[in-house]
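Here it is, the structure in full.
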Amino acid sequence: MKHEIFEKNVILLAIGILLTISIGGLVQIVPLYTMEQTIEKVDGIRPYSPLELAGRNIYIREGCYNCHSQMVRPFRDEAERYGHYSLAAESMYDHPFQWGSKRTGPDLARVGGKYSNDWHVAHLIDPRSVVPESIMPPYAFLAKRELSFDDAADHMKTLRIVGVPYSDEQIATAKEDLRIQGMGEAGGDVEAFLARYPKAKIGSFDGDAKKTTEMDALVAYLQMLGTLVDFTNVDPETLYR
Amino acid sequence: MSTAQTSSPEPEENVKSVSPTMAAEVSGDQPMYAGRPEIYPRSVSGSFRTLKWTSLWVLLGIYHVLPWLRWDRGEGFPNQAILLDIGAGRGYIFGIEIWPQEVYYLTGILIIAAVGLFFATSLFGRVWCGFACPQTVWTDLYFWVEKVIEGDRNQRLKLDRGKMTLMKAVKKVTKHVVWLLIAFLMSFAWVWYFNDAPTVTREILTGQAGGWVLTFIGMLTFMTYLLAGWAREQVCFYMCPWPRFQGAMFDEDSLLVTYEEWRGEPRAKPAKGGTNFEGRGHCVDCSACVQVCPTGIDIRDGSQMECIGCALCVDACNAVMDRFNLPRGLITYDSNNNQLARSKNSETKLRLIRPRTIGYMAIMLLVLLVMVVSLATRTRMEINVLHDRSPLYVNLSDGSIRNGYTFKILNMENVKKDYVLSVEGVEGATMTVIGIEKNGAKEVALPVEPDQVVPFQVYVRAERSALAGSSNDMTFILKDTHTGVVVTHESVFRGPEH
Amino acid sequence: MANVEKDALTGTETTGHSWDGIQELNTPLPKWWLYTFYACIIWAVGYWVVYPAWPSLSDYTKGVIGYSSRAEHAKEMEAVKASRSEWLGKFEEANVSDIVKDSQLLNYAMAGGRALFNENCAPCHGAGGQGAPGFPVLADDDWLWGGTLESIEQSVRFGIRSGHEEERVNEMPKYGVDGLITKEEMAAVADYVIGGLQGDGAGKTVFAEQCAACHGEDGHGLPEMGGPNLSDGIWLFGAGKDAVLAQLNSPKHGVMPAWQGRLDDVSIKQVSIYVHSLGGGQ
């Protein structure tokens, strides 16, 4: 009964536990950072535009992740309801990621482009006005609150520290990009913006072009979720893990 | 330490028999793991044995025959009386058909089963463990096979201790083959409940059965063989949670297998030819009760977790008592209160109706009532409505507004239905349904084939002036034209901001 | 281990711990538990061999059966597709107007068409055919080139100004840029159109001379020529006088690719049926 040594010595027991768990943890976690195939090589993934980033911050601020996951698993039922399964690459610029595992509401990983802006706005203002059986709380105040994101560039710089490849140009034009995406032509050079953030949706998301609200930001974020990768150009076998 | 033990009698010094599972070497340093002592139960006959046989054959019969009962449900539907068709998502129990969204009936059945178990336990002790549990039933059957092939307890002991001979090998192999066959039949029957029994039998025998069927047959054959042939009482001791907490359902009036210590002790072997039981207990210490016990315990040690309440020791002891012309019932299936009464020579009585049993019965009946009422009144039609999200609403060329809905009708009956759909809540609203109604009508007839979920694309159109705001409450009303049953669903009609 | 206490009733050793008179026994565990534990270890070793298991710093062991959850998923989706292929034959034979009469085929076409639409058409026409400025709304009852099943199928198949031989094409003259009518006439006809095609002024005259050939005498449009309806409240390139003037001056023309060749025949039929349903089914 040699393990009596462990059973009767708290310090030794703690060290033993730590050692055992560390091995399990290290073996599972460390290779994910060093293996090349952890993140799939697909085209189209880009960092969030300033407006989308603002929307994402609101998403996190309001705790949307408490009820919505952003992770379509490779199962038939999920594929038929939500679309293609999520890739690691699609959340590579998420800090922190929003995968989640709690689906009180539906998964949102591929909600982008699925519904109209109008629907999203009406739904966020009063979920029951479009889905009578919904239990989601209303977020009507988002439409009234003007977006304050003066520190957009600072956010982007911070994200750059943890590995999001924002270019100096993108950081310099953060404020302008915010305007362009929320207003279109009126805000500035749309083409240059699209070169910086390909596939970004432009326009007044909440239907009120005069000001950019938190609603605009959140809907801009929702409308781009899961839309960056064009799966018609991806050989499915390169994704097999 | 002394305070806690005032009420319970101290065990007598000399009653210190050790139960077989605990029989590992009790030296200064006992091993960390104890081996399983093989148990060789002696066969016995008597009223409880007869009851056990009856229960065994009735239960096995029900289990194996039930899936072969037929029940006509009409063209295109399975004619098996009890069928859980996982693939199609339908459960059939005679005249009742269960859809996946009605699985809560299963919850009801489980509640009734659980409370029924509590009820039976508070009345008759471990009657489930002793007579009805599948583990008991199949183990008992395996014991019987063992006895037929290898002989009774003493022969089996001799056989196992003896050297390997051809005869021994033949007996052993035969036994395991028969065991496997019984296990195979058990797994076969299991599969019958989930497939059309004749079809799946033919498929299995001709080697056409699918992977799942074979997986289940392999798994269940192996588990039955393992649990009933090898694990046996270990299942009750270490795997099953029920023995650990069923003591909570007992009270002083529950019927239990008990040894009447006041009458049996002090036990002793009878003197030669002696029939004199003066000054000693009635227990002749013949150990018949221990030898017949399928879990290998000594009931004289008192009520214990390992006792499955099969009462075979009662049969064994009664036979011995008869031989000595002593009254039966030294080991008896009776309540603690009656035992106490007998020891004081006062009257015994069977108290089946007690607050506890009334309580369990009431819960059982209540759940049963709820189940029956909900089954009898359930609607066999259901609608699901999803308002289109993109676009939220459409401006039509004449200035009116149109909303789209994905509308699903569940016809859970085995007959074709003609439903009529209408809406309420928006003034003058008309409906068009793709493939059915083109021009717009206040009522649309929707035919649905038997036992189907059919989606319809429904468009509702209303004048702008009929709308109070951007979101208007609207109700879909679906009527079964044959039965007049009406089902409604709340929805919304969206329009522009005014 | 001397002085080991034993429980009087069972003869089992105690741990020497006792709480409120209850002693903790040191009951030996059944041996088969230990064997089960060993069996699990053996199982794990077998698992390592069969399934992907051990990581190295750059790769991981793939396992002898080469299992991948995503490949498994792809296989399952393929099987679903294959199980649906029995339907495809029926689609190949029938034409669209027969398909919609069979409710089962119709439901199947709607499901397939929705998926195809979301993938191929929604980028311009929006999910559910909600449209966008310059990209026609497909969910309403206003059809530039006709809203019957057959006309929609033709539009999908050959496109609008797509360059295909059988494309649908028309062209509105550049009244302003090319100086076909005067500024005053443009303003008059614009007012006439905005005003619901009513009144008898100069606008009406210009309209009758210049516009009625394609947009119809009453302005209700001529779908066979692709002339939009100007009498309703639905405007492809924006409502209001400025938008109408801009269109008169230098008209914008939408382009839609021909899907024949991009989508197979069955897909074209399915997506046509779906688009037809979006507008309520003319």
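When the chains are written out, they are named A, B and C in that same order, and each has its own residue count from 1.
One rule holds in what follows: a contact is a pair of C-beta atoms (placed from the backbone, for glycine too) under 8 Å apart; a residue touches a chain by one contact, two chains touch by 3 or more.
It should be emphasised that the depicted structure is a prediction, and the values quoted were computed from it without experimental measurement.
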Chains touching both subunit A and subunit B, listed by label: C
Chain pair that, of all pairs, has the most C-beta pairs in contact: B-C
Centre-of-Cα separation between subunit C and subunit B, whole angstrom: 47
Chain centre separation (subunit A, subunit C; CA means) in Å: 22
Subunit C residues counted as touching two or more neighbouring chains: 126-128, 130
Overlap residues in subunit B, where contacts from two or more other chains coincide: 32, 389-391
Residues within subunit A bordering two or more other chains: 114-116
For the subunit C and subunit A complex, residues of the former touching the latter: 52, 54-60, 68-74, 76-77, 80, 118-119, 122, 126-128, 130
Residues of subunit A defined as touching subunit B within the complex: 1, 114-116, 118-119, 122-123, 126, 128-133
Touching residues on subunit B, where the partner in the complex is subunit A: 32, 387, 389-392, 470-471, 473, 490-492, 494
Subunit C partner contacts - residues on subunit B that touch it in the complex: 1-5, 11, 16, 18-19, 21-22, 24, 26, 28-36, 231, 234, 237-238, 301, 388-391, 394-399, 402, 404, 432, 434-435, 438, 454-455, 457, 459
Sites on subunit C touched by subunit B in the complex: 1-2, 4, 6, 8-13, 18, 20-22, 26-34, 100-101, 103, 106-107, 110, 126-131, 137, 139-142, 229, 232-234, 277-278, 280-281
